[in-house]
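Quick heads-up: structures coming right below.
Each of the next two complexes has chain A plus one other chain: chain B in the first, chain C in the second.
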Partner chain A sequence: MKRFAQLVWILAVACTAAWAQETAREIIEKADAVRTTTSEIMTMKMDVYDRMDAATPDSSVVLESTGNSDGDSIIVFTYPRSVNGLTILSKDEGQWVYFPSTGRVRKVSGAAKSGSVQGVGGDFSYEDLGTGDWGEDYAFTLVETLESGWVLEGTPEKEDISYTKIRIMIAREDYLPRWIEYYRNGPQPVKKLLIHETKVWDGVAMPALMEMQNLEKKSRTVLTISDAKVNTPVDDGKFTAARFYR
Partner chain B sequence: MKLMDRNGGLAGFIARRRIPILIAGVLLIALSLWQAGNIEAKTDIQDLLPADNPQAEAFTETNELFSTSNILIAIEGTGKDELAARAEELAAGMATDSELAAYIRNITLGLDREFLTTRMLWMANEDGFADMKEFLKDPHLVPLLTAFNDNLENAWFEEGSEEAVTPSDERELIDMYNRTGQLASLLTRYLAQPEQTDGNAMSEALFLGDKYMYSPMGDMILFRVTPSFSLTERDVLSRVMERVNGHIEAARKAHPDFRYGAAGDIPQEADEEAAMGFDTLYPALAALVVIVILFYLSLYSLRSVVFTLVALCAGIIMDLGILGATIGELNMITSSFGALLVGLGIDFGIHLISYYGELVGRGIVPEEALSQTLKKTGKPVFIGGLTTALAFYALCFSKTKGFVQFGFVAGTGILTVLLAMFFILPALLLVFGRSAGNEKRWKLEYRFLGTWGRMLERRFMVPVVLAAAAVTVFLAFQIPKLSFDYDMRHIGPQNTPAKKTEERILDKLGISPFPSYLTVGSIEEARTFTDVLEKEKLVGMIDSISDLIPSPDAQQKRAADLAGFRESLGPAYEYVFGEEERETLAYEIQRLEWNLIEIADMTAATLGDDNRLLAQRDHLIREIRGRETGREGDELFQKAIEAVGRATYEDLIAVDAAFARGFIDLRDAMLSETSPVGIRDLPEDIKRGLVSSDDSRFLITVFPTEDMVDNAGIFAFAGAMERIDVRITGAVQLALELAREILSEMKAAGLLVLGVVAILLLVTFRSVSATALALGNLAVSVVWMMGLYALIEKMNIVNALALPLIIGIGVDYGIHIIHHIRLGHDLEHTLSKSGKAILLSALTTMIGFGSLALLGTFKGIATLGILLFLGASMCLVCSLTILPALAIKMFFPANKRNADTTELLGKRQ
Partner chain C sequence: MKRIFVSMFLIFCMLTVFSEAFSAGGNIKGEAMYAIPGWDSELEDSRAGSALQGLLYFSYEPSEKIRARGEIGYSYKTGYAHPLGRYETTGLPPAVDQSLIPGADYRQELSIPQLWAQYAFGSGFITVGKLPLGWGSCWFLNPTDKSGAAAGLEALSDDTVAGVPGVRLEWLASEKMSLDAYAFFSDTAATGTVALEDGNPMNLPFGVKGTWFFEAAELSIGAAKEVRAGDGSYRRAYYLIGDTSVFLGDAVLNGEVSLRLPTDGAGTGWTDSPEAGELVSAGAGINYRVEAAQIDVLAEYYYFGTGGDPGEYDASLILTDGELLLGKHYALLRGSRDVGDSLKASATGLVNLLDGGGLGVLELEWAPVMDSVFTCMLLVPWGGEDSEFGGEADLIPGVLTWQVWDSVLFSCSYVLHF
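Then we have the complex of A and B:
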């Protein structure tokens, strides 16, 4: 009898775990599906605050970002004046930077992936701004079910991911994240992304006001998307470094 | 009090002993002047804090152990060579001045080149050493520039691209831009005149940088004069600065195209001391002049006005004498006491001579007039004076040293002036004023006060009270908008020569002139803290022993690395400079320019369009904004490329060979030192600022970035330093400490003064309602004062003193009005009789504080003057409007007043 009870208990736990895992996968797949677009063209402002409590930004940049369905992206800076036209192309195989001041293109090493976007992205790294699927990059478990959504915990499934763990809160309402905590070899998150505002552009809901808090450096960066075009045709030929020279 | 109550007991005494009183007065003044010679001016913040305050203790320890004082000479103009020549001339002039020689330890024109050369490779960190090894491998221009560019691109576009630019990076980059710019400039020059090629100058330009201390743009040169005396030697300080300023003035006349200035703590202290001397004397003198004019137009005889002023000066001098014999110092708060006593002390004389003059004018003999004057006005004047003195003395219970000293100086000053007004003034009037009648000339009669009293009582009582209530509510809502300024730069004298020079240095170098200090017990401890401090974004620059002396392990490893590197160099080889080398050299210079342009682009994104590196790039190259090209720059690299293109092969080979020889000489010198670097190797002037005389304590000096421009920046920097170590001290921490202490003490001192005043009022009036009315009048006045001040200025650590002060000062006016009304007089009578004395008293107080506001060079003192001017004027307005309106209603309702007045008049008759 005792043995039978143990078996029932093990089966029950296993079934519950399997159900929860599937649920986590379902949630993240839906969240990835919501985020997946064939293209995105966005105009955004990035305000970098060197101190968490600062009221005015220490630096600001305005840029236009274009992304395609392959996860490639081109970022063109328009402000400040000195970087007007500076362009960053990000593809799976690496990043290229075009300097309009000299007309040169530089290939950026992969080591910089976890760093700030060419030093100008404040607390957002290439990785944070990447458009890859979470479901492919991380293995998620459901850690908490809330009235407003779910908290999922993901561990990386790829070697080039610099975080050791992320926790995402996905809203039930639109399957968009409301916050993400990033961990790197420690019990406390090193960064926290807060999504303060979402908007619908071309029928697709997207974060419109995001704040990345760097909990180690005690700094924060606010990203405001002022305009976006979603799922409009984008010339894939744009996403080549050779194009910079034209 | 009995003396005065006995109808002329005091008057009789004075009448009998008038001459001895005057002789005693003269002796006291002489004694006081002698003692006043002991007074020192102290302008440092730590002088205001309790001696056991940890921040003040740490600051004092730093000053005792290390030589941090200096005179920084700044010369602005065009051309680095010309600036260097001006600096050499001026420094030579100072060095050969026999009067200065005894007070100057040394003059530092630039970094110690020998130390820098022989120890550079020992002091470099691992990355820096690896880079240097690459650069030092080949002595020829092409391989060197190739290695340099490879290194730049690797550091900035590969490894370093992930990090934002820090202030330390910015400074290092500016230095690197300067060094490469100099190399390009020298290459251009020598290719035009190959016979003049100085290979050492070229390689030193690239590896060691400038010989002198220039601003990044090269338009300012700095050199440091280290004194052999301390800041506390005030007489020496002034003498030295006079001589230094004399040399500067002579240089300015000889070279009018150059701008000269002196900054640093020595010139700043000298300016502050001069400003304090000015603030102690001139506002008080100006106030005296205006008060004499006012008195001449208002009082019965010019002679009595002069006697009052003589008595006032005697009282102030006696206060100075007591100050010299006791505390022996003036600080930035107590320096305002002169103007304060002029404004307050004269009031006692006004009440006495107003009444005395009226009686003498009616033909009453002086002795009798004096007796009646002391009987009628002596008591309120004495009570008023005592109230004010006790209010000031209450500040002695404060924990803040500045408050305690001020309370003592001002309280004693009120008593000495009171003493002079009760003894010296009457004696003067009896001895020299016998023939002084009521002069027949035009005088201000102040009849409007009686008319206003009548109108107030008959028509405007309700409108005045309602209007006052509305104003009070409006101004009360302004008070929360009052902000506190924690920036010490806004407290001291503004627009002084040292301050202006300091601002120009700040503008050109981007480092705050208020460093913080941390004293530690070992080089390793210094290293640990330096590593932490270097990561702090608000830290602009650090001076630390650990940057000069690496750890023993690191030095051991470096010794082996250096030995290996020496061996790896091998013999010189024959270098061939052909067509390909010409093209490669031009390309590498172009590549260098591109790298410098792009690195500056990157900093623009993180530090903004107005960062110093971008300005430096625009200066050396040209203004570049994305695809746009703006103003022209020096085009140092394009000129070098053109020079390379134009030069003959012979010239290129000659210049390259000369460079290689200089390079090898420098490299040999760099590799010459085989023993690890220690404290004994440090140049003396560097050592004095970093190591205590017994080599047991080490100083880390932390310069904040220029971001420390507002309260948020100050709090952020001080907070960051406190998180790193609570022992970190400096002007910023001391100012915050003092501000915190003053803010908490201000409330406590205010309550204490209020308590003392309330008790004295209760004793004087023997009435709770009269006391409440006087205090209520004061409260409304304070609300008006603070509300109005909120609209024009910020509070600071000096003018925070105004709150307890105004309680002691402002209560007097109400006392006189309430006292008069309670005697049964109507408002016409009250304001025509008491109003004149109150108006004159208030005007003199306002003139005293107004003189500080207008003429005070210490901004803290000037703002104290503004606040107290507002306070005195608001107390006056309230005492002439709402107070009489409420007092007459409260103590004598119309029906009762008539009956009581009739009764009183009947009694008088």
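Then we have the complex of A and C:
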């Protein structure tokens, strides 16, 4: 009887541990799920620091970004004043830019995915801001379980990903990342994204203050989201070249 | 007139303060330029000039259905920077008798480049006012844009363009097709003179085109009427137009063509056996970013059927029609690159392919802080005796010639955006 009780206890402990020990796939799927929205309308400020230790930004950009579930986006710049009203539609095929001063829509060549966003993204590249699922882009393994979350390591599963490896720390409380390290053919990360603050908008928790450190250039870019509307109806017609910018 | 401008300025300042639907801004530009005689120039002296320019704009978007934009421009130009000063060397009598109105200051000018309002209804948009058209897919010159809007090297910077009073109707038939039509209330010569006959519907320019959107391409086909006033008569021309843009990997290919119908100058009857080549104008090009060198490259080719052959250029078209180029075949190549975080260098070459002459433009921009840009520009024309950019062109055939591009120009400017 005593042996039976011991066996039950061991089995119970083992089952509990197995239940508690989520797999890397389950963690990243949950992280992808909390990031998935049908639409996002965000007002954000981007401060670019040319040096890691600089106290004041060397340049700043303020913009409103509207995105849909297909990854299409419309970005309207309000600062700097020289590009106030400049609007960019990004779709799979390319980019369209609306110049308010001339009323003209120009089609521009697609920037490389690893390039800075329209030259104003500082240390953020299109790839870094991408809305794709991590679970689809990378194959993850669990490398460390912490009290506050998990550290996962991912290797790319698609050819058009410029990084050779990423490491993500996912928080247990909200399944949002707290930091991401980006590697490119070397043992040291080339970039590190820090999530300093998260907020809940329309019932959805999202990063509100992010800092991308470019460890090669020794520069950093701080992205502050001041307002957001999530999962609100957005006219998908806005994201077509036929309607942009009218 | 000045009171109107001041009133407009005050109104939109107040509205900007009190309404979130308003946004306003502008820029101030100061420029100094120095022109030295070109290699084959008959000029002996260098000339200098300065220009102060300002632009205030406001935009108003109280709802998704309504949008408006207005711009007030100011310029104060002296010496070589002023057209009246620059054209002194043509040998023509001054275009304006500046002593006619005592106390008038011809150096400064107030203007309203744009003032328009747009209303969205269903899947359509109607825009009324002084509005820019912006037809055509090429970057530098647009043979299919018959609005008469000024083009040129300035077009590459996408600074503001002057609109034309009129009405424009856009209708989105579907996500894959749109219709665009306009009617202007003014001929496209923009002479500024008033005549009762200007109001005759026969003398109003219009255009209509349909645009089809494909996965990685756009194609427009349409027609346009152009009207130019001058010497008490009106020249009317009708065109079939088409333009396209194609995304090809990271590059964008653009092309546009305009075919003038063989009508007489008044546009009321057909002409006999016109030269087919004279009826066509076209442009084609590519813009591409060379990632390895981080250089943005723009290459374009233009053909103007009515252009002159080497040694037979008509320079009067610059003064009467605002034409920038007088020949037939041109190639444009431009490369620009950011150097560090605050410098941008660009080089542009425009070559007349028939006479070998051309223009070279080097620009260096320095933005030490946000919205504050210093620019140095060097413009060098070159070419032989019969060339457009190096020689003389007829102003009055057999009587008067004019070397249009007689100087190497160096300018420095400072722009503050606010």
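Quick notes on this one:
The rule is short, and it goes like this: the second predicted complex is superposed on the first by the 212 of 246 C-alpha atoms of A that agree within 3 Å, B and C clash if a C-alpha of one lies under 4 Å from a C-alpha of the other, contacts with A are read in each partner's own complex, and residues count from 1 in each chain.
In this section, a contact is a pair of C-beta atoms (placed from the backbone, for glycine too) under 8 Å apart; a residue touches a chain by one contact, two chains touch by 3 or more.
Quick caveat: nothing in here was measured; it's all calculated off a predicted structure.
By the touch criterion stated above, A:59 is placed in contact with chain B and with chain C alike.
Once the two complexes are overlaid on the shared chain, A:186 sits clear of chain B and of chain C alike.
In the superposed model, A:243 makes contact with chain C only, not with chain B. Of the two partner chains, chain B and chain C are each touched by A:100.
Of the two partner chains, chain B is the only one that A:51 touches; chain C does not reach it. Note: residues 50, 59, 80-82, 84-85, 99-102, 104, 106, 108-109, 111-112, 115, 119 of chain A belong to the chain B contact set and to the chain C contact set alike, using the contact criterion stated above.
Within the complex formed with chain B, the chain A residues making contact are 48, 50-51, 53-55, 59, 61, 77, 80-86, 97, 99-102, 104, 106, 108-109, 111-112, 114-116, 118-120, 122, 125. Across the complex, chain A meets chain C through its residues 50, 58-60, 78, 80-82, 84-85, 93-94, 99-112, 115, 119, 237, 240-243, 246. Within the complex, the chain C residues that touch chain A are 23, 25, 27, 57, 59, 69, 71, 114, 120, 125, 131-134, 137, 139, 158-161, 163, 170, 172, 174-178, 211, 213, 215-216, 218, 245, 247, 249-252, 254, 287-289, 291, 338, 341, 370-371, 373, 417-418. Every residue of chain B that touches chain A in the complex is listed here, in rising order: 153, 157-165, 537, 594, 597-598, 600-602, 604-609, 614, 624-628, 712, 716.
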